[in-house]
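Per-chain residue numbering starts at 1, and chain names A, B and C are given in the order in which the chains are listed.
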Amino acid sequence: MKKLKRVLGALGMLSLLAIVLTACGSRKSLSQQDVLQNDRASNTITWGVKADTKLFGLMDVKDNQVKGFDVDIAKAITKRILGKNGQAKFVQVTSQTRIPLLKNGNIDAIIATMTITPEREKQVDFSTSYFDAGQSLLVKKGSNVKSVKDLNKTGTKVLGVTGANSVANIKKYAPKARVLELSDYAQAMTALKSGQGVALTTDNGILYGMASQNPGYKVVGGAFTKEPYGIAINKGQGAFKKEVNQALKEIEADGTYNRILKKWFGNVAGFNYKEAAR
Amino acid sequence: MVYILTHYWSELVQGLGYTLLSSVIALVFSTIIGTMFAIFEVLPNKAMRVIGRIYIELFRNIPLLVIAMFFYVIIPLYVAKIDGFTAGTIGLTIYTSSFIAETVRAGIQSVDPGQMEGARANGMTYWQAMSKIVLPQAFKIIIPPLGNQFINLVKNSSVLAFVAGFDLMYQANSIASLSLDTINSYMVVGCFYLVITLPLSYYMRHLEKRLAN
Amino acid sequence: MQNFIQAYSWVNIRFLLEGLWVTVEVSVVSIIASFIIGSVLGVLRYVKIKYLSAVVGFVVDIVRNLPLILIIFFTYFGLPHLGFKPGILFATILAMTIFESAMLAEIVRSGILAVDYGQMEGARANGMTYVQALWHIIFPQAIKKTIPTIVSQFISLIKDTSLATIIVLPELLNHAQIIYGQNSAYIIPMFIMVALMYFIICYALSVLSRILDKKLA
């Protein structure tokens, strides 16, 4: 009898826990407040940026600041929306953490090498595209991997990053390859060097940055997908999205965009920045 | 939660398999290695005792994640090509073995030294006495702590996620970013962990009580 | 050798020390918080208050049996669903505190159980109330008995802060990864330095616990 009572008690608690958990799980995101209004009030926009991606967002060990194309674009947009004294605050994200952080309201917008895809558009809104990347491959010089076709063999290991669109793509383009997902690009690059995979796949802009840091490696295979980068914003933030798009248009029109592009991509081997200029 | 469970069932089961496999392999080898170093620590030879001490202190005081990443990143560069699962499992084994060594040593020392002396007096060699008389008694005492180590192993095997080791946590990260339903993905995986660890931990408590009486 | 000298430049070492500072910060706050909460929970589990102790026991068992990484994800990604939005540092501290409190609760409970029950009866016979006896006689002895276990749990806590690198907490390991991610010649020097820094802190703590244990014994 005592045993039965105990078992029943445990079952009761388990079901209570399950109810609480599902209730939390199904609750909609809290970011119902108007982001634009809040940002205007605090004179700050909080951006999610990468900190491990050369050219786009890389932590500078000297002064503990994240620097790159994404960061500069974010600063320019902030100034456009909030005025000259507007503050841009940066939170480091990875491909894995960025969407939950946005939906939870820890950040106002993501500008972190994020491709606009139909699946993601079901969860978040995107600005117009601010950079056109394409997926490519990074291999060791002298590797016999020349294009994505060479990866489509059983047992071939390809490195990528959890949460990146490139991982989903490679499963389409080289279904026989095995994809190993690391937590960020620094880890993926280190794994490539350790020979954990024959190629690292992601967008060419990121790969060019890696190749410039690591002379023994090169970008191959051309751009086999189109990856338009967008700024992700929570659903229901129409006013904020409109402002971001307007600001993007303005910095493209007044040459700020091209200046930032040249600053980061002007001297990158293999990347024709003039083609990307707007 | 149900959607995640049904939609990603094969990934979850695969993850569970790798988690269990890694934990079991690590348990077997860390028990063997741990026992070896525990014996080192109680040997009359001072040099051996020092070696045992250094091994235990070294790996007890460095994070498991650092050890696992060391094997994932550095060993393939200079020694041998090993994949994430292997590297993670080796890291897990070494890390756990230092804890098991401590447990086993305490077990050995709790066996009455008179038993060793008696066995030696009856003509057994040191090794015979150790393996036939002392160790069996020591292991009886340390079964509950060993069981708890296994629970820790299952939980700690989640570092495999950092080295692409295909375990439950790796799948959880992957599912969370595929489904874009972070919380439910991690909750499902949490339940998978609990299914292994919770019964084990209740059984260990039961065993402890029985041994105490 | 060249690599080592360059890797240990002042800029890099300073960056590592900044990471170490975050590690220490998270560790110290979580150690203090989890010691208090863990003790309370452990006592609650021991005293058997109807329903309350059962619920506490159940929650403690759930938390203890989950990997810490999951708890970190829950505090960082999950709490905002309940209307509370912690920053990364706070989310990590919270996760460490929740997890370690549960681990400590179990240690404290077994410590109390190990203190001879006769002591309680003796204290009660001398006119102490149950709570007084628990607080003045049983609890201090239980803590004394379990100091080595508690300290080794805290050492685990310090080591486990490295797991928060997955949510990009700028702690020691994360900073090392940033450095060797930018220059792979620094991989080995960074691993050695990071291992050394963790080792010094953890080993010092374990030596301290041994001294404390001897003094109290």
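As a working rule, a contact is a pair of C-beta atoms (placed from the backbone, for glycine too) under 8 Å apart; a residue touches a chain by one contact, two chains touch by 3 or more.
Treat the numbers as computed from the prediction; the structure is a model and nothing was measured.
The interface with the greater number of C-beta contacts, when B-C is set against A-B, is B-C.
Among the other chains, the CA centroid farthest from that of chain C is the one of A. The distance from the centre of chain A to the centre of chain C, each centre being the mean of the chain's C-alpha atoms, comes to 32 Å.
In terms of their C-alpha centroids, the spacing between chain B and chain C amounts to 20 Å. If you average the CA atoms of chain A and of chain B, the two centres end up 36 Å from each other. Across the assembly, chain B contributes 73-74, 77, 161-162, 182-183 as residues in contact with two or more other chains.
Multi-chain contact residues, meaning those touching two or more other chains, occur in chain A at positions 24-25, 96, 100, 183, 187, 190, 193. Within chain C, contacts with two or more other chains are made by residues 62, 77-78, 81, 165-166, 187.
Across the complex, chain C is touched by residues 57-58, 60-66, 69-70, 73-74, 77, 151, 155-156, 158-159, 161-162, 169, 172, 182-183, 186, 189-190, 193-194, 197-198, 201-202 of chain B. Chain C meets chain B in the complex at residues 61-62, 64-70, 73-74, 77-78, 81, 155, 159-160, 162-163, 165-166, 173, 187-188, 191, 194-195, 198-199, 202-203, 206.
The touching residues of chain A, when paired with chain B in their complex, are 21-22, 24-25, 95-96, 99-100, 119-120, 122-123, 157, 162-163, 168, 180-183, 187, 190-191, 193-196.
On the side of chain B, the complex with chain A involves touching residues 1, 72-74, 76-77, 81, 83-84, 161-162, 164, 170, 173-174, 176-178, 180, 182-184, 187. Within the complex, the chain A residues that touch chain C are 9-10, 13, 17, 24-25, 27, 29-30, 51-52, 54, 58-59, 61-62, 64, 91-94, 96-97, 100-101, 104-106, 183-187, 189-190, 193, 213-214.
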